[in-house]
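We call the chains A, B, C and D, going by the order they appear; numbering starts again at 1 in every chain.
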Amino acid sequence: MTRRADIYRLFNPSNHESGANRLRFFEVLVNLIGIVSVSAGTLHEMSTSARSLAALVTGIVASLFLAEYLLRLWFAPEIPHPSTLTTAQARLRWALSPTGVIDLLAMIPALAVASGEARLGAESASVFVLLWVLKLATGAPGVALIARVLHNQRSALGAVAALFAIVLFSSATIAHWLEAETQPQFFGSIPSSLWWAVVTLTTTGYGDVVPQSPVGRLLGGVVMLFGISVLALLAGILANGFADEVRRREFIRIWDLVAKVHFFSNVGAIAVADIVGQLRSRSFSAGQTVISKGEAGDAMYFLVSGSVRVQIGARTEILHEGAFFGEMALLERKPRSADVVTLTPCTTLVLDVADFYRLAGMQPGLIAAIEVEAKRRRAKDNESGTQ
Amino acid sequence: MTRRADIYRLFNPSNHESGANRLRFFEVLVNLIGIVSVSAGTLHEMSTSARSLAALVTGIVASLFLAEYLLRLWFAPEIPHPSTLTTAQARLRWALSPTGVIDLLAMIPALAVASGEARLGAESASVFVLLWVLKLATGAPGVALIARVLHNQRSALGAVAALFAIVLFSSATIAHWLEAETQPQFFGSIPSSLWWAVVTLTTTGYGDVVPQSPVGRLLGGVVMLFGISVLALLAGILANGFADEVRRREFIRIWDLVAKVHFFSNVGAIAVADIVGQLRSRSFSAGQTVISKGEAGDAMYFLVSGSVRVQIGARTEILHEGAFFGEMALLERKPRSADVVTLTPCTTLVLDVADFYRLAGMQPGLIAAIEVEAKRRRAKDNESGTQ
Amino acid sequence: MTRRADIYRLFNPSNHESGANRLRFFEVLVNLIGIVSVSAGTLHEMSTSARSLAALVTGIVASLFLAEYLLRLWFAPEIPHPSTLTTAQARLRWALSPTGVIDLLAMIPALAVASGEARLGAESASVFVLLWVLKLATGAPGVALIARVLHNQRSALGAVAALFAIVLFSSATIAHWLEAETQPQFFGSIPSSLWWAVVTLTTTGYGDVVPQSPVGRLLGGVVMLFGISVLALLAGILANGFADEVRRREFIRIWDLVAKVHFFSNVGAIAVADIVGQLRSRSFSAGQTVISKGEAGDAMYFLVSGSVRVQIGARTEILHEGAFFGEMALLERKPRSADVVTLTPCTTLVLDVADFYRLAGMQPGLIAAIEVEAKRRRAKDNESGTQ
Amino acid sequence: MTRRADIYRLFNPSNHESGANRLRFFEVLVNLIGIVSVSAGTLHEMSTSARSLAALVTGIVASLFLAEYLLRLWFAPEIPHPSTLTTAQARLRWALSPTGVIDLLAMIPALAVASGEARLGAESASVFVLLWVLKLATGAPGVALIARVLHNQRSALGAVAALFAIVLFSSATIAHWLEAETQPQFFGSIPSSLWWAVVTLTTTGYGDVVPQSPVGRLLGGVVMLFGISVLALLAGILANGFADEVRRREFIRIWDLVAKVHFFSNVGAIAVADIVGQLRSRSFSAGQTVISKGEAGDAMYFLVSGSVRVQIGARTEILHEGAFFGEMALLERKPRSADVVTLTPCTTLVLDVADFYRLAGMQPGLIAAIEVEAKRRRAKDNESGTQ
């Protein structure tokens, strides 16, 4: 049981440890290799040996997907589910979920290969591209974000779709009246006029069908204008929805990081909400230069995890998680007075200079606390601040 | 009189009961069937029997529209109108309103069919597509929203239209000078140059007319750049207008739902305005799983209507409208500790975790009240919280 | 002197009285007629008589522009200018300003006609289209707004332009390497490759030049992606700039209207800034129905100018400028209880229901004042509110 | 050492003195001349003498780049770097930085010319266009801003890229099934179908490949719709990211200018953050008219540097840095009562009238202070205000 939970941890999409990250990277790589090899298999100009190689790679990828499917089915009970379900019911629940169905379909080629049809026809194989792209999509984190945005904005998007459909049908019908006589092959019926309408309304403009009469061209111009307006409306809706959702996610991520910084535990709960909105996270690998002496000071840093070495002239100081540095350059608006280099991989919270001053307006107590801490540290070091 | 008001209730566009929703769906379906059948009737490749079928369907749809028109005329006095008008005047008012005129035109084919011309010519029939698309448009809720946005932003949109017209005419004129000699059939006059200008300015780019001289191509490049700038301007204007209007509508809808939740009646009027801005509504059908044990807690829920069953280990609790659940996972930042399943169709107000913390900053009293209520409930249940 | 100032008032672009509005409309109309007649004059298929008519109209329009130029030169000293200038210097200042120069050029055709060349050649005449479009542009109010936005965002726009230029040159050079051998007529030199690059980067896609090699097509795909990114960047910059500028202008306009409403004079200066941000202006002509009994209450109105008749059952009340109405439906969330019809042309400030509640959160005192006033009025009327 | 630091100051990208600005302008000019001359060298229609001239110019530009490279290598130790590095190590660090490598590559042609190959082949020379465009890009200030925005939004952009790739592969595969038989030359394999898919998905629409079957066209329509949605998503992401970053930079720039205005030193630190958000900077050259008597008052000005002459009727007043003017027209909502002309080049902070009133709501004390100062000045001048 513990074994199964451990393996699930590796495959859990919300686990961001390096093992899980590496596994996900490997999965995506295998998937992409599979897509490329099947795609290449459809090229007629390929030599027989190249074709055999592509078929072999396709088979290997499919086999890996078969193995993955069985593994996922095995640890499915670890996925959160209503506690009234038995282990078998939890497995069935996963198998019938969209992810389960797509994973099932994605491993079919492996079975087909095993059942003797060693070399699949290029045409039928191309079905797998679609399945594997779908499988890739279910795993991509951003796709879930976009799906959420589209879901949140569904009523506004529905309105734009209705508008689009109305303009599409209207313009196809009018174009049919205006151009049917001179170009019966393109505008002879409303369904065939629709092709021109959609190509024009999306401003794609293949140019295979073009209105010839002056009035038809006037209509064309109007349809193009409607097209860029619909696009503009769509951009507006999605822009706002995306910004909302990203802000929401970022807030949670930074909130969790802030909880790990000792300094913020002295700050009241109300102030923290203000601070979280201003911070951004940034990671450094070991040995990277965070701050160089003489640079303009554009941000201060809070250490969430890891250690850094601060070098002020001849003096050296080691800072550990929960500490902050880089505040002197902001408080005094002077160039950096120290070098800061990471000793271990570090996660930091960055407070940009503009946000620092804005925060100073909203939470003067916080900046005062930073100032006090900075003075205390400078007094201890005597003639030198952090940098 | 009551009968008439009851029937009007079904057709009232702001009624969202299931009967009215189903009727609207049926209306849209009939309308779409009509549009498709008329469109199909214009295909030359159709067999005579298919054509007869299309004509029959068109006739039926038109007859339904005739019936609808008479019905709407009958209950028109129920639509809000100045109370000084008589019943007949209220009917005339509706008949002369845009909706009334479009409905009148949409039913004309029915009369045409009745008056003996049983099989309308495909060409003349196609007029109905336009009328029926228009009828569809007047009923679509999103179209009204978009119309409102366009109305609100009319001065900015007018400015863009003026800019567009100025660039269009200028570029057509300059192109006429540059290309008239080499391509007289396309650039021989300003009106004919306008076709190239509009196709280029909207970045549609059919490719039927292309400048050949180096200077003409330079002009073409500039026009394309203007085109994407105009599109960008348009997107900016509509994006802001849309966001404003949607926020305004959402605010009212959530405000009305909040009024139904008992918990918020203890909260001062000023705080409610803050809360309303953070909540979103979400509906569940009966028997749906809202929360599964072990999931990450990403939101809390307020029950506006319906009942849910909360399952914590072996204990079961039934919550009714006005209650809230899911707050434990947010307060303690731990995975869900209970399963929550709907017993009836439910309407809920969802408070996302990010908005929960943001609200905690703005309205600390509210979150404290949630905490108190949660503790009280836990004390009552002794060893178990809601989930 | 007073005569001159009076005539200038009519031509002053910031005067919005009906006389000035009508004059501006007439100017635009004459300008458009001129543009159309010159454009039409370039059509080769025109009959001689039609051509003569177009030339005649063009001549008349040009003569009107000549008259306008002299008039504007005469009252130029009325335009604000440094008070150290003499009348003649003020006239020279206007004549050398962009507006003055364009107006001067726009009237040249009138002189040409007068000097004996009664029938201008179509080709040379087309120059006037450009001048007249320019003249139209200088007068359009929205064009000034857009110019201001472009000016404010000039550094960001410069960055996008630099990016665009860099991608354009890079892709033209690479395309030249890849395709020069197979398509020397299109990609034979970097300048000729630039045409393909600009057509692709703006996603216009004429299709006259298309890369044929697989690598060339890969480059093409990348260029298209860059193109939509540049467009997206541009949209983002302009969207924000436009929203800022429009908000700024609207604020001033509403501020001036609020100053005319008696009710707001009791409100402190700080509160007014909040209120101004929530109000929108709306004009009604005489005899228009503002509110109908039974409608959902979606806004309240403040009368800036004009009078309305409120009809509650059998009672009638006349409200004059400075009064407000429609607040009952918002305070009680019930349908309208009265009809309100304008007696004279009215300018109103509209407070939408969502903004009403939001304002209630920010300025509880203001909503309380509205409630008190509403109660007072109801007490006076006894059993009836405003609507 | 001081000499080296002085020369570095001229080349320091964050130095905005006129000498450094002029040098940067010269560098860009030389670079552009180089790009144009190499581009022109690829034209086959050029005469031999023109070709020699182009080669000569290219050689000169390359030589200048060689000189610049050596100069930059010489003063590299002045660029901020960890203080533990020796002078030689600092030089190596720069030489290996992206800027150093690009500068190195950009001067190679100079060496090639020097080593005897006096006239480079046009084809090989075109490589320099790319290098020089790259060199131009590293120096452009806006490019760094855009790079920062793209970096900040990388996760959201990655999501859109994933979505794009998924739609691209899916549509290419489906198109391959639908159209392979009728158009084997275009849709015969998935890789070749990808060309159609990318041209359609970006709505470029060359028109060289067009689906012919009804189902293929339906797919095409769907792909186009996806295309404009992806573009809209991208616009939304970049719009928000750009606005954030620009606001952040502007805040710092204005903050530094505000520190130089004496008037603001009396204002508390919290208030300054509010004020900085409302101000914009504007520069004037000597002798420019800032305000003309009789104009509408749309802004007030704070003098950061320089002097202006205020002319009120017959009286003249000189204002120096730290003073403000133009406040009377805002406080009293009347036209300007004075002329203000710059005596020296001036940098001003502009407070628009809308922002003035909004600020009045947020910081009533500040506006009161302005009012007091204005009254004091008027009392001193007796019968006249600033304008």
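By our rule, contacts are C-beta pairs under 8 Å (C-beta built on N, C-alpha and C of every residue); 3 or more make two chains touch, one makes a residue touch a chain.
Since we're looking at a predicted model, the values are computed, not measured.
Take chain B out of the picture and the remaining chains remain, by touching, one piece. Contacts with chain A and chain B are shared by C, D.
In this structure chain C contacts its sequence twin chain D using mostly different residue numbers, the overlap staying below half. In terms of C-beta pairs in contact, the better-connected of the chain pairs B-D and A-D is A-D. Distance from the centre of chain A peaks at C, each centre being the average of the chain's Cα atoms. With centres set at the average Cα position, the gap from chain A to chain D is 27 Å. If you average the CA atoms of chain B and of chain D, the two centres end up 39 Å from each other. In chain C, the positions touching at least two other chains are 191, 203-207, 231-232, 235-237, 239-240. Across the complex, chain C meets chain A through its residues 203-207, 232, 235-236, 239.
Of all residues in chain C, those touching chain B in their complex are 35, 38-40, 42-44, 123, 126, 129-130, 133-134, 136-137, 140-143, 145-146, 164, 191, 194-195, 198-199, 202-208, 230-231, 234-243, 246, 280, 289, 292-296, 298, 311, 313, 333, 335-336, 339, 341, 352-355, 357-358, 360-362, 364.
Interface of chain B with chain C (complex): residues 14, 80-84, 152, 155-156, 158-160, 162-163, 166, 169-170, 173-174, 176-177, 180, 188-192, 200, 203-207, 210, 214, 217, 220-221, 224-225, 227-229, 231-233, 235-237, 239-240, 247-249, 251-252, 255-256, 259, 269-274, 276-277.
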